[in-house]
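Some structures to go through are shown next.
Each of the two complexes below includes subunit A, the first together with subunit B, the second together with subunit C.
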Partner chain A sequence: MKIIITVLSLFYLQAVLALEPLGENEMDQILGLGGVYLSGDLTINDVGGPLNESGAEPGDAWQQDCAASTNERCGARIAVRTNNTSGWIVLDNLRGRFSFEGLTLKTRLIDSGFDNDGASSSDGASFDRDVFEIGLPNTMNFSNVSYTLANSNKARPTEVGFKQTDIFNVKIDGNVSLSGNLLLFPTGNP
Partner chain B sequence: MNKIFLLSFSMLVNVVQADLVSIDDFALSKVDGEGIGLVLEDFIFNAGSETAGGGTIEISGLKGSSGQDVSLHVSQFYILGNGSIRGSVVDGNSTNIGRLSNPFNIELIDGDDVGVANKAVFEFSAPKLHGTTSVFTPTFFNQIGSAGDFTGFNTALFDDDTTTGSRSSERPDIGISVDLEIAAVRTQSLNTHYKRLSIDGSRLRLWGSYDDDVAKTGGRMEGELTLNIYTHDLEFFACNSGDSFGDNSCGTSIHFNDFAAELQLGWGSSQPATFEVNGDGNFVFEIKSLEGICGGANTGIDGCTASSGDQSTDVVERFYSSSGPFSNIYMGEVKVGERSFGNSTISNLQIEYLKVSSHDL
Partner chain C sequence: MKNMKFKIPAFLILIAFSISNSCFALKALDDISLSAVQAQSGLTIDQSQLLNIGSLSYTDDGNDLTIEGLRFSSQDDINEVSQLTYTMDVSADGTLRVETDVKPTQMHIDGIRINNSMASFGDLTLNYEAVTNFNIKGMTGGGLEGSFTVGISNADLIWKTNGYAMSFDNIGYNASVDSLTLEYDAIDNTKGFTRTGLDIGMDNFDFSFSTGALSLEGVSLGELSGALALSATAQVFAGGRSSDQGLTLHYQATILSDPNNYVRFTDDGNSLFMGDFSGEINLTNLTLDVETDYLAIGFDQLEGSLNAGKILIDDGAGNSDSLKSIGSIELDFTLNDYIDADDSNDNRYNRFQLAPGITRPDFDAMPDQIKIYAENFYNYKSLLIPVGQSNSGQPNLAAEGLSLATQWNLANAELSYIDDTRRVVFSGIKSFGSANTTIDVRDEKLAIGISDLKGSYSIDGLRVGNENAPLQGGAELLLSIEVFQAMDFDIDGYTEITAGGASGGGIRIDGDYFFSDTTIGLSIDEHGEGIWATGVNYDIHLRDITFDVEGDGLKINRGEQWSTMDIANLRWGDKKTGTSLGRIKLERFEQNSLLAIYPGGAGQVCVGGSLNMDGDGCSGVGRFEDRGEQGITVSLRAAFADEGVTSDGTATARNRLTWENNRKESLVAGEYDNDSGTQIIFNNFSTNDGTGSSDSNVHGFQANLNIDVYETKVLKKTPNADGKFEELIYDTDARDTYKYVLSPNAAQKALRPLGFAVQGHITFKELIIDEVQLVHANARTTPQTVFYGVVMQNLDLTTNLTATPIQ
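Moving on, here comes the complex of A and B:
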């Protein structure tokens, strides 16, 4: 029995030796992952969704399909107010599909480039820091994305006395070119 | 032995048990400027129905004078590197917006430094201007008229210049072409193009405020907007729908060469700007009046010295000095076709009170 324990404890000792700190030199050989590549596809309130007819009493006019309603407020609604006793600035009837391919997220060391319009000085060399880089997709696709900018006296159309002034509607359908990188970094002296 | 260890560990644990205490507005107001810098590198934005593969962007819901439906169809909306020739050079014509050493910046700043006492202020700022900071050099002395102090116009602001602000490669061309559709008939295409645009020195500051600070009622958002626009050329023209610059249908261009607008809307908590919607569902944009800020009889252009209001002394005096808010507009040359209409300036325009509200038709 004692022999078994002794042998086991020897194994145990060996196991302790297995973890070693990595030296700076070994760390240098490790390649980080290249970041994240994202593609996205978001569809919201494509056929309207559970919003109600304007002016209706609470709870009695829920619509699932905008086409079935004559006086519809149809789609998602974002209401914001900048004074807690006043009315609301509203993005209403928010609907559509929005997709992109190839948004990248990574960190990047900038220590060169960003020349002063081709002059000798390089902003990148004096910057010499890591930044967080969001690589914009070259094309973003909008499919019947629409919204209405409005002012309203109530947060929701179901509330009693609801009144709303629509300012304009925007509808976007098709591709938008958007390329480049958005760089984010701390300013000041962190 | 074990018991002693346990006891001493439990004491240690007790020592580090501290509550998380929320930071109040006063403590937050001491937060110092470590912000987030934003730079767009090699940026291209191009949209609209007349761009390659582009989709439609339609703005509707407007009415003409006799009730017809009016809608705007964006044929091109672009942000490109300079030299885009009204948005026609797209491929590879990218631009940087912001500089690593002078980026767009988001941060919380100490309100005591910007005329909003004892509050934290959210600030979103464009790259800073350095050196002489106005198209007028120096504006304030020009205002009080001492001979020799006005040294002319700082036209370096319109071009690449490392001493004043953004470089040439950091000044994009921006433009929008819109087809006007009235009662389902497309009539005209309206074009607006900015060449080498920079908004250096612009900033938006926002903070919260109460009508009654003690009872904490009537909370609202207040702000201050400094908007600077410097462009080498601002051009407008109109064509038949679907046509673009150079086509026969296009009218004569109106150019504002070397156009600058330096607008300041609001001035700290003494004269905050607010954007609200009233109880009827109409918006109200207001820049408050200074009237009554000193309290009691202690008012007037000589300044209030009483410690009332939320600025301790001399609010009115400072309002009418070089540190007060003022707006300037400068046009180097107005040209219609090839004919020059000379240049014009508006300087030292001070908004004492402004209220704009919408009403239903």
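Moving on, here comes the complex of A and C:
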């Protein structure tokens, strides 16, 4: 499960971590045995979520048949409040499938390479430290991925007086090219 | 005969031990055996016995192991005799045949002490009836040979400490040895001189056992049964480890490959079954010595293998509800002594010291987090001087129980898990350490206290496909079940086991545990480099945790659990000098969570798409995989509770994640003072059923994981000249060389790399975080709030991930 959570976290980490492509020469410099190769898919709310399951109270905002529905209450929902007295920013109706082959997780020591194929001094030698490397799959397929960004006056659609304003909807199908590696390593004062 | 006092020398104990098998047994004589019996009338002895022995001592180097109050009597009245009948005959070939019929008898021991210790191991009672058949004759050249059968029935074994009992009820035991030899010609040179001892051979030793219930104060923990066939030899010598008195044993056994070998634990009619055993054991220099205040047991080396070809959960009669199996396991292991030529402090041994009574740990030397729980554990009423006596309420030095000091050194182990013929080997498992343990029965509970459990373990890595495949990384995969790749630990833990699970029989556990200054390897290579959690203080409190075997699986209900894992440094690289990410502190509080383990994995799967109606392919896009019948399904429901006081009132608990860095460096180089830096806090996260923290929390956070070992499609990182990505395919089953193939055929697909295929299904109705805060070092009491609430709802996440170890 931690692996799954780790994979999920990648979607948030991409914006904050350094991305650098590795050539074959750099890959040859990988030391050690550690590592996991992941492939497969992640599907969010394909037929709705647990709040949509039958048995919900009549009139419940979540009571929906979601097998073939695009109703916004069939997706996952995240509401965040940034001010103690105001409303909520909402990522709503999150659904879709992500599939990929070749996401790698490993720790390795970088102490050579990164020298522009020998044309310059080795940045790897001066770096000389361990990193946790997330090797991105070359291609990630998005299938029926959708979400809505909205503002809401309540955290939950079941609350009395609930009102929500959708800002925009997004739907994604197709392949996204993700190459290179994410390298995680501590810097600064711990 | 009443209250006699015996003192017997060691050699008599040795002889008694060697012939003890003759004292029991029963099996019908077959025609061939009967035809060898001549017409002589033989001898029949009917004996009525009421035997009371005040004390019986075994003396080793001047130290006495004393059995007090040994009594053989009727079961109904301890002042009445029990009956037994010996029938003796001699056959034409000179074989002495002795058939013994023991009517219901009670053997009772008031206590066992060492050198008249104040405390004893407790009292023992064995109720039994038995029929034995023992054949013996002389061997050409000296020695004895023969065979025997034993049948023990309607037996109960009761162990009592301080007036409270644990019992094995309704024990049945049947055994037979086709060929037994006793010769005084074994030679031993392991102590630097030559000694001669007894050589015992047992060919085709079949036995089966069952116990109707293992009970605490009459409530059942569950039933245990099994059968095993083995051939064994043993050599017994006078002289132990510390002197020329005591006992030394070498033992070699082969578990015969027999599909009828099994062990079954049954709870409320449902069984956890392991069968189709095979393997072997080789034990060198097992020694037994009586020391001043303990019984010393140790061995130089124990090596062997144990294979269980079948593991499943069934209805208690061998019928599996689901016809699915967890798979099979194979274990090879070596425990041995290790002598470090340079530093004797690094010597490691396999030793056990059994002392009567309860040896209390040094509470003042304990960390504060566990001290109060340890004191409460050992200040239980049955371990204190009773009210009305002088110094009542003080520790009772005569309290009965068992104290055990243990040292171990697992030099290496290889554990294979085989799922539908696909093998993963957890390779290079090593461990050493020591611990002090106490065991006693109190009220309806079995109490186990472990103090100063100090040691280390590590796993080198994985081998996939076969035992000789190259060593690979990937032990990180065990993180998903909270098993770490390496750990240096110092643990104090106190457990009370009560009979009775969530339904009927079963096991219930309450416990408090603390890991001090522990180092945990999260993702490390063979050189010990990687990601380490260091300086970890981890306290765990479990309440009302129940284990039950149910019709479809093993269920662990976690009534209440709270813990704090405080990682001083999350280091990259070396575990001592690696760069730190800072401090991470995870507090958890769960009520009514559940963990269930079911046999069988994912079965048919469509990766990247949906299964068709028939379940034999994908409906549209995707890659179909049939992952077979075997495997494991883990079903987790974590009900994260809102902040509150724990049920025992000892703590206020919540779920909270804190990351701190930019701390002040402490006086110890490379270490940092906690709570001196900047923190980001995810405060009081919890689950509920959809309308907020005041709602019920039945659904919680659920994760169902179907785990199989299966072939994985592993693509080369870089495309070929045509811009296409080729697959890694091994050349042979040896899986030591490989090539890249663009479109593998069926045979090549079977040689894809193996890995753990996990089909996951994660759901929650609502997961909320009360607030996300930032705490600055200069304003610790006035944290700034980043988010005033996060509410996540209605998530249903399915995954099909295959995790393959890579080099």
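We adopt the following convention: the second predicted complex is superposed on the first by the 122 of 190 C-alpha atoms of A that agree within 3 Å, B and C clash if a C-alpha of one lies under 4 Å from a C-alpha of the other, contacts with A are read in each partner's own complex, and residues count from 1 in each chain.
Heads up, the rule we're going with is that a residue touches a chain if its C-beta (ideal position, glycine included) is under 8 Å from a C-beta of that chain, and two chains touch if they have at least 3 such contacts.
No experiment lies behind these values; they were computed from the predicted model shown.
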* Touching A:Asp46 in the superposition: subunit B (first), subunit C (second), both, neither? -> second
* **Partner chain(s) touched by A:Asp123 [first = subunit B, second = subunit C, both, neither]** => first
* Asked: Which partner, subunit B or subunit C, is in contact with more residues of subunit A?
  -> C
* To do: For A:Gly75, decide between first (touching subunit B), second (touching subunit C), both and neither.
  => second
* To do: Identify the partner contact of A:Val176: answer first if only subunit B is touched, second if only subunit C is, both if each is, neither if none is.
  => first
* To do: With the two complexes superposed on chain A, say which partner A:Thr158 touches: subunit B (first), subunit C (second), both, or neither.
  => second
* Now for A:Asn83: first (subunit B), second (subunit C), both, or neither, which partner does it touch? -> both
* Partner chain(s) touched by A:Phe168 [first = subunit B, second = subunit C, both, neither] -> first
* subunit B and subunit C footprints on subunit A, overlapping residues -> 81-84, 88, 141, 185-190
* Where on subunit A does subunit C make contact in their complex? -> 1-4, 7, 24, 27, 31-52, 62, 73, 75-84, 88, 97, 99, 101-102, 104-107, 109, 129-132, 135, 138, 141, 143, 155-156, 158-159, 185-190
* Structure fact -> So, in the complex, the side of subunit C touching subunit A is made of residues 461, 471-474, 476-477, 479-480, 523-527, 529-531, 569-573, 578-583, 607-608, 610, 621, 636, 661-663, 672, 677, 690-692, 699, 702-703, 705, 712-715, 717-719, 725, 753, 755, 758, 760, 762-766, 785-807
* Structure fact -> The answer for subunit A against subunit B in the complex is residues 81-89, 110, 114, 116-117, 123-124, 126-127, 136, 139, 141-142, 148, 151-153, 163-190
* In the complex with subunit A, residue positions of subunit B that touch it -> 32-47, 49, 51, 53-62, 90, 94, 96, 99-101, 103, 105, 107, 160, 162, 167-169, 218-221, 274-283, 358, 360
